[in-house]
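In the two complexes below, subunit A is the common chain; its partner is subunit B in one and subunit C in the other.
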Partner chain A sequence: MYKKLAKTEFPRFFEGLGNLGKVYGPVNIEGSTYEFREVQSPEEMDLKYTRTMIPPKKFFLGTKETMYTFDEEKAVYTPAIGKQEKTIIFGIHACDIHALKLLDKVYMDELMDLFYTMKRRNTILIGISCHPDEYCFCKSMGTSYATDGFDLFLHELSDGYFVRVGSEKGHQIIEANKPLFIDADEKDVEEFKMNEKKRLEEFNLELNVLGLQDMLDLAYESPVWQETADECFGCGTCNLTCPTCRCYDVVDYVGLDLKTGERVRRWDSCMLRKHGLVAGGLNFRPTRTERLRNRFNCKGSLTEGMLNCVGCGRCTVYCPAEINFVEVMKKVIGEL
Partner chain B sequence: MAKPKLGIFSLTGCGGDQLMILNMENELLDLLSYFEIKDFQEGSSYHEDVELDIALVEGSVSTETDLKRLKEIREKSKTLIALGDCAIGGCVQAMRNGQMSMAERMKKVYGVEEDYYDVLEPKGLSAHVKVDLEIPGCPIEKTEIFRAITSLLHGDLPETIDYPVCVECKLNGYPCVLVEKGMPCLGPLTTAGCDARCPGLGLDCIGCRGPIPDEANAAAELDVLLEKGYDEKYIINRLRFFGGNFEDIQKLTKKISERRNKTEGNE
Partner chain C sequence: MEEGGKAALSKIAPKELVLSPAKIVKSENMTEIEKHLELEFQDKDYAKGFVYKPGQFVEVSVMGVGEAPISICAARKNPDILELCVRRVGRVTNAIHRLKVGDLLWIRGPYGNGFPMEKMEGSNLLLVGGGLGIAPLRGVLQHALMNREKYGEILVLYGIRCYTAMLFRDEFLHLFYEGDKQNVKFYLSYEDSSDKACYELACERSDRCMSGVVTKLFQLMKISAEDTYAVICGPPIMYKFVVKELLQRNFSPKQIYMTLERRMKCGVGKCGHCIIGSGSNIKYVCKDGPVFTYWDALNTKGMI
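So, the complex of A and B:
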């Protein structure tokens, strides 16, 4: 279903979302750092944002979260399920929607993660159209447009938004706000199509992903891994800002009574030394070179038919060592 | 079961790590009640020279007296825990390690060459004896020592942190002061555990928890900061402030001073 939301109706529409739950939108924190924060009014958001530093996965997989509390004496453990709040993520980009689709496969379809699933089911995703900057390469990854995985998607028009509905929840929102939406006319459809076409021409960065898995396999001994690892801090920023990275580490903390405690998980990174450390003291990726090669191979591999990279550019933008993901990939596969 | 016997000792340092233990006001009494305390220099003048289950030692080995004392403590303790940066890598008093002899340092600071104090090049405990666990910090974090002690009492291996401050900045969503503002942040090299306190306040990390042993990429930090326009000497001094005893940083210093001498020789 395609609708139109006029610019003049936008504030009322946004206000109405507040009745459905807590609304989070992209807010500029500093320089190129944006963050999805709770917002009360559209003015607090910057809908022309490039990317948030921390991807939307934070809503479903807490950066640091308690999973269970335990009591050894009573031999019980209790899942730490807090109050479940309805959440609306407003202004999510197509690449991040694709990343969430991937995380959904891993955390809900493959093996259901209780904490992820509960939060995910309580969330409404409202997408917004964007323009690429020099770090975006979602076009190459096939993630520059989202056909599904959202509830509503707003495409900016000169006098409003062209709205695509992606789910039952999306229909319900339109239904509940019926007077605000009108049917998109021919002129709107033309503008939407034209904008999408123009947008595709705005991409400057490209990465050829055809046969990427084979190219990476064949480049296992490439000197580029070592050269890049020499520049790399192994700080984990690339993983932690990556919308598809999904490793976590688990630690138990025991309380002062030495009987009760909590099991906590926090985002992990395969660039960190202990990621490859297993019981008995063996580390199967002891050097930074091995860890870096592993990361690039992981990003270039497939999970249920989807690449583990959506081309959002975060790992390049926020890398303190200024390592450029696309450039390294191209060097490795021999295109640079 | 008998309570484990605990001793808390100081070598050369400011005493700040013991102070952090004393600062754990809400948990201190309950926590200490699990132990028989045989030595706690900053907490009590009571002292008993007996075999210990756990010894917590802060301060660097900077004198012959320190070394003798450390060896005695090691001898009588089942588990030896190095508490704080001084006890791990010598901390600030080690900033000229490998760069200047002790005699030169005495001359520069005190204006004399006599070695009044039987000084040794300041080092952490592990340079001299076997250390079972290291808890970094200048000073240590209360949460970290609390967790280490409760883990040990519970019969677990305490969690050791060997990832950099960048991780904590990201987990907290703090904008990167290095990337956004070009500040000379040492976060990418520095052992986390502080919850990125300084970057969280918009300040650059000065590396007070020390570089991550055998992992910190000091050469990359030098390159990044040089490119941002910082002076080479300034960067090296900054790296050395808390990391003077670390091999990579010493190698880097050496490489640079050799290069400098060469250029000066050519001129």
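So, the complex of A and C:
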């Protein structure tokens, strides 16, 4: 279903979203750093943002979230299911939508994760069209356009937004704001198509992913892993900023009464030394080279048919050692 | 589902992820560092639904300390009882060792694929265990003995460091001496050649016991790869040496099963720590394993 939202109606539409829950949108923090923050008005957002530093996974997998509280006297673990807030993520890009689709597969398909699922089900995703910068390679990854996985998707037009409806929830929002939306006419459709075409021509960065999985297998002993690991700080920033990285660690914290406490899970990183360490001291990925190789192999692999990298460029943008993901991949598979 | 709420969502949570309390009803120090625990599920309905295969594992919680993956060391006989063999090696397992009979642990699982007991029916079994690796194999052995007519000859190769490090000593010594009555040949190797008790065993039954690593035992036995499945569990270093012996005896890669150790926080393929492999073939040991064939190992980088 396709609609049009005129620019003049946009503020009213945005205001209405506030009635559905807390609205988070891309806010400029400093320079080119953006973050999804709670917003009250459209002016607080920069809808022409490139990418947020921390991807939207933070809404569903808390950086540090309580899974259970426990009480030793009562001998119970209680799942930490608080009141679920309705969340609207406004202005999510296509690559991040694809990343969430991947996380959904992992966390909700098989042995559903209660904590992720509860948050995910209470969220409305409103996508927005974007333009690539020099770090974006989503076009190569097949994630530059989202056909599903969102509730509404807004494509900027000269005088408003061309709106794609992606779900029943999205349709309900349109229905609730009926007077604000009009049918898109031929001119709007033409402009939408033209913009999408132009957008695809704006990409400068490419990575050939056909057969990438086999290329990685064949490059398992490549010296590039060691060379790159020599530059890597092993800080794990790439993991934290990656929209599909989902490793977590679980820790029990005991309160000062030594009787109650909580079991918490927090983001983990495969670039950290402890990631492959088992009790007794054996480490299955003891060197940085092995850890880095594992990360690139993981990103280049498929999870139920979906690539584990969506080409958002964050790991390259935020790497303090200036390791360029695409460049390393190209070196490894012999294209550089 | 919009306002699903607490109750509704808890109901749809998979039972495999629920922490279920289990009381320690028996705790035996088998060695200085290994305990044999029998746990009784408090929720009898949960126990009924807790069906596991040899080679599967559980995540065990000690309240206030943490959670660790432990393999189940017995076949499912009495549904209320879960048997674990726990080596004191990390924070959680040390805490488990401090617990006494009557104390509670919390269990979730069972996880992993387990050994394909049905597929191995009609064949001989060759079990090769090193140290603590014998624990999951004990489940295979028990299952085969409980269904004795379904399996051929059972050969057990057990490598220990010394006599005092031998797990399930009474049980295994019984099989060592009397196993043949059930068509079980139990072989024992010991690494500490100065160990007196083992030396005596070796003198007594030189056809079944010798000093050295577990692969040495292959010298003692006659085995035909035909109609035999090998099942291996031991310290990571052990696998390639055992596999080498098996390949020399014409075992095919798919006749060799092994169960692997990795860091497993979640047990269900989500937390990511047990990842192995490369681009075309990424596996999570907890979910896709922990039991793999040697064929899998040939196709998965970094497996053994």
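Throughout what follows, the second predicted complex is superposed on the first by the 336 of 336 C-alpha atoms of A that agree within 3 Å, B and C clash if a C-alpha of one lies under 4 Å from a C-alpha of the other, contacts with A are read in each partner's own complex, and residues count from 1 in each chain.
Criterion: a contact is a pair of C-beta atoms (placed from the backbone, for glycine too) under 8 Å apart; a residue touches a chain by one contact, two chains touch by 3 or more.
In this text the structure is predicted, and so the values were computed from the model without any measurement.
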{"item": "Which of subunit B and subunit C A:267 touches, first, second, both or neither", "value": "first"}
{"item": "Touched partner set for A:254, first subunit B, second subunit C, both or neither", "value": "both"}
{"item": "First (subunit B), second (subunit C), both or neither touched by A:159", "value": "neither"}
{"item": "First, second, both or neither for A:75, with subunit B first and subunit C second", "value": "second"}
{"item": "Residues of subunit A touched, compared between subunit B and subunit C (which is higher)", "value": "C"}
{"item": "Contacts of A:236 with subunit B and subunit C, given as first, second, both or neither", "value": "first"}
{"item": "Partner chain in contact with A:118 - subunit B first, subunit C second, else both or neither", "value": "second"}
{"item": "Partner chain(s) touched by A:46 [first = subunit B, second = subunit C, both, neither]", "value": "neither"}
{"item": "On subunit A, the residue positions that both subunit B and subunit C contact, one per complex", "value": "251-252, 254, 258"}
{"item": "In the complex, subunit A residues that touch subunit B", "value": "29-33, 35, 53-54, 58, 63-64, 230-237, 240-241, 251-256, 258, 266-267, 269, 272-274, 288, 317-322"}
{"item": "Residue ranges of subunit B touching subunit A (in the complex, touch as defined)", "value": "27, 30-31, 34, 147, 150-151, 153-154, 156, 159, 162-164, 166-167, 170-173, 175-176, 178-181, 185, 187-189, 212, 215-217, 219-221, 223-224, 227"}
{"item": "Contacting residues of subunit A [partner subunit C, same complex]", "value": "68, 70, 72, 75, 77, 79, 81, 84, 106-107, 110-114, 117-118, 121-122, 212-217, 220, 246-252, 254, 258, 261, 263, 265, 268, 270, 275-280, 282, 284, 290, 294, 297-298, 300-301, 303"}
{"item": "Of all residues in subunit C, those that touch subunit A in their complex", "value": "1-2, 4, 6, 9-10, 12-14, 16-17, 19, 21, 61, 63-68, 89-93, 104, 106, 236, 261-263, 265-266, 268-273, 275-282, 301-302"}
